[in-house]
Amino acid sequence: MALDKTVRDVQAACRGIEDGMTVMLGGFGLCGIPECSIGELARTGVKDLTCISNNAGVDDFGLGLLLKTRQIKKMIASYVGENDEFERQMLSGELDVDLIPQGSLAERCRAGGAGIPAFFTPAGYGTEIAEGKEVREFDGKPHILESALTADFAIVKAWKGDTAGNLIYKATARNFNPAMATAGRITIAEVEELVPVGELDPGQIHTPGIFVQRIFQGAQYERRIEQRTVAPASNESKG
Amino acid sequence: MLDKIGIAKRIAQELENGTYVNLGIGIPTLVANLVPEGMNVEFQSENGILGMGPFPTDADVDADLINAGKQTITALPGAVYFDSAASFAMIRGRHVQLTVLGAMEVSQQGDIANWKIPGRLVKGMGGAMDLVASAENIVVAMMHTNKHGESKLLSSCSLPLTGVACVKRIVTNLAVLDVKDGVFHLVERAPGVSVQDIQAATAGDLVVPAEVPEMQI
Amino acid sequence: MLDKIGIAKRIAQELENGTYVNLGIGIPTLVANLVPEGMNVEFQSENGILGMGPFPTDADVDADLINAGKQTITALPGAVYFDSAASFAMIRGRHVQLTVLGAMEVSQQGDIANWKIPGRLVKGMGGAMDLVASAENIVVAMMHTNKHGESKLLSSCSLPLTGVACVKRIVTNLAVLDVKDGVFHLVERAPGVSVQDIQAATAGDLVVPAEVPEMQI
Amino acid sequence: MALDKTVRDVQAACRGIEDGMTVMLGGFGLCGIPECSIGELARTGVKDLTCISNNAGVDDFGLGLLLKTRQIKKMIASYVGENDEFERQMLSGELDVDLIPQGSLAERCRAGGAGIPAFFTPAGYGTEIAEGKEVREFDGKPHILESALTADFAIVKAWKGDTAGNLIYKATARNFNPAMATAGRITIAEVEELVPVGELDPGQIHTPGIFVQRIFQGAQYERRIEQRTVAPASNESKG
């Protein structure tokens, strides 16, 4: 029988996230971020967090909420250009920041979940990212050694999930969620729709439940759009 | 002299039929709408889509469907969604044949700097370091000079690097230039731009052939 | 003395509620049908399924649905299929808590040999090397002696190794033994088997406590 | 517009596979193997092949067909226990064999497709697999350095595919196919059903078309079962 990973609500899901812990959060920009859990972290006031997330949200949404309240001690990300408060805290030295190439960030999370402690990648060779890292040539091309990333908690957001923790993401809201789901000591999944086991096609699961320790159905998703770009009306007739 | 659309139009001529292409934020994004007639390419966006289509109509906007610039987009028939690790597996594994991206500086060795101004601008490299370290073909789309009028084509970059010895071709508002054997090679002039204009705006070593054709756009 | 079903029944007592388990070919496979009442575990098969169910009825046989032993199987509600790289990511990443597998030899250091007899048997290690190098808990299910009556519990393995210092517990037709501090520790006797029988059949160093309970099956 | 990867038939698909080349073939046991393409290789008689495949088929099916005709010079696999001819050729030294832990084989193929030239894994440490390989400790546990695998051609079998090369596999016939699909210089996909673009859900593709250079609809799939195991009739009533 499939194991049951359901917890009652976001409070139960986030239990055990303590000051000083490392937390991975899925999402790209504001797309596919675990909105409910971020809200809960803001509510509990847990602090000195190291957050691993591709972006840092915007000033009043996503991880920006936890930056505003100074709950984040260190941020590990690839791009943080949308957040003025982030830039201020970083330049003033209040916030410790580790910027990582996006592909290396994704692969390091996957490696963390897959028991691969380190791997070679060409990304970042010859840049300040490579400082202090081992360099080795393969096929005449220099590569740097990158290490796996794991976290005390990984928090992901999916579209649908079942009680066994199997997850399906929607469109590009998938992004970092699957890799991070594998790399948490405890992985929390918030889903828009929680269904009984047997309802999801076993061939179409993006994150197998084995990676998920807690799952709950979130409420009131804002799903904010960062750059609303639309085709001009004249284009619509082109189909 | 070209405007940004002009640069994008010239970049569009670099597309090869039947290839996968990644377009960076800014000028490169414009290329998607300028694909020549009869040319078939597929656009990859590193946040997790192959087969990216144009912006949606107002009714079709979906917060869960964006490109790497965080803009709302559509998906064409045959599109695929995938996760970030898979996306960069495609990029790092050289399955994306062409990357077009902007730059703050390019050196005559093909180094590129586009992610950081120490002590001032801190945005992060996003996927740029993976892209420039990986794609077979890297084309830079940028203005020839910065807003202070200083050349962005240098003998060596002054800003922190994004990648080394990776840029193959540069398309600016003034010219098309190739990077080869440690120097810039002038390939084409923008309409109405003289070789002297280009030489004056290029700080790095520039090889100028006897004949420099004007771009055909 | 236990038969193979008896060994599998004793192994079944090692299962912990709410865990993921990988069962090797042979005796371990039998464990799937002997899960104690009220115990909930999920079986992973490394060829690409979580939530493996029992054999299918004749009408339900599907060539595309097999386990790592190439046997036709079924999938339980909540099952998931995935590819081999993802499957071993689960295993290597220690998401599968318990691996049960057979062995030709086990040493008192916890080394295991189960894939090769030089010059004779060449089958390959399959997933065994990944499994024994990865799982938190490795339990071996095997006969105490080989068909020549020689002990399979040795001070050191004579055959090429599958993994080193990885076996935590061994369940045989004669006994349950733990591997700790470089020696075997006798934990339980099979029904009707004496401590002397076990000592005689164990070539490696064996620590025998004052009291050795009989297995409760 | 999506790119068109279709070729007319198996002959067109296998064009260019020459003597001495390295070919990866998906499948686990006889499940999910590219039956049609293997048949075509047997027909063309291309020889001195290095085949990378988890298994070597059985005596009269799968890669066993190419072993019987001595078309394979070297086999890279994890388990070959089902094939007597294989064992005979290996023990007699006619066939060069490289046996690799199954998880390392899968990960090495994925790495080959993902531009990761090498990675550390604990699998095989302390065994003959580790001979000549770099050993390094991470978190106190020894790991060995394994390198990426690529091939001149990768041949995979899928359930459904579209003309852009997007693939969906059925149940456990997925196995090595997705990783190998990424690692061929040219990747050939044979599918049971070839559909126009737009028919497959973009969120449910297992192998994105970017990895596939040639696709065709195969014919007459035998889908042979290696171990037909069925529940006794008395079990059926249990549901």
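Should a chain be cited, it is by its letter among A, B, C and D, assigned in written order, with residues numbered from 1 in that chain.
Throughout what follows, contacts are C-beta pairs under 8 Å (C-beta built on N, C-alpha and C of every residue); 3 or more make two chains touch, one makes a residue touch a chain.
Quick caveat: nothing in here was measured; it's all calculated off a predicted structure.
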item: Selected from A-B, C-D or B-D, interface repeating A-C by over half of its contact pairs; value: B-D
item: Centre-to-centre distance between subunit D and subunit C (centres being mean Cα positions), rounded to whole Å; value: 28
item: Mean-CA-position distance for subunit D and subunit B (Å); value: 36
item: Chain centre separation (subunit A, subunit D; CA means) in Å; value: 32
item: Touching two or more other chains - residue numbers and ranges from subunit C; value: 49, 75, 81-82, 88-89, 91-92, 134
item: Sites on subunit A at which at least two other chains make contact; value: 107, 110, 114-116, 121-122, 169-171, 174, 202-203
item: Interchain contacts (touch definition) - all pairs; value: A-B, A-C, A-D, B-D, C-D
item: Residue ranges of subunit B touching subunit A (in the complex, touch as defined); value: 45-49, 54-58, 61-73, 75, 81-85, 87-89, 91-92, 111, 119-120, 122-130, 133-134, 160-165
item: Partner subunit A, residues of subunit C touching it in the complex; value: 18, 20, 40-42, 44, 49-51, 75-82, 86, 88-96, 134
item: Partner subunit B, residues of subunit D touching it in the complex; value: 1-3, 110, 112-116, 162-164, 166, 182, 197-198, 202-203, 205, 208-211
item: Subunit B contact footprint on subunit A (complex, rising order); value: 28-32, 54, 77-82, 87, 90-91, 97, 99, 101-107, 109-110, 121-129, 159, 169-179, 206, 223-231, 235-236
item: Touch list for subunit D against partner subunit A, complex; value: 107, 111, 114-122, 136, 138-139, 143, 147, 168-171, 174, 202-204
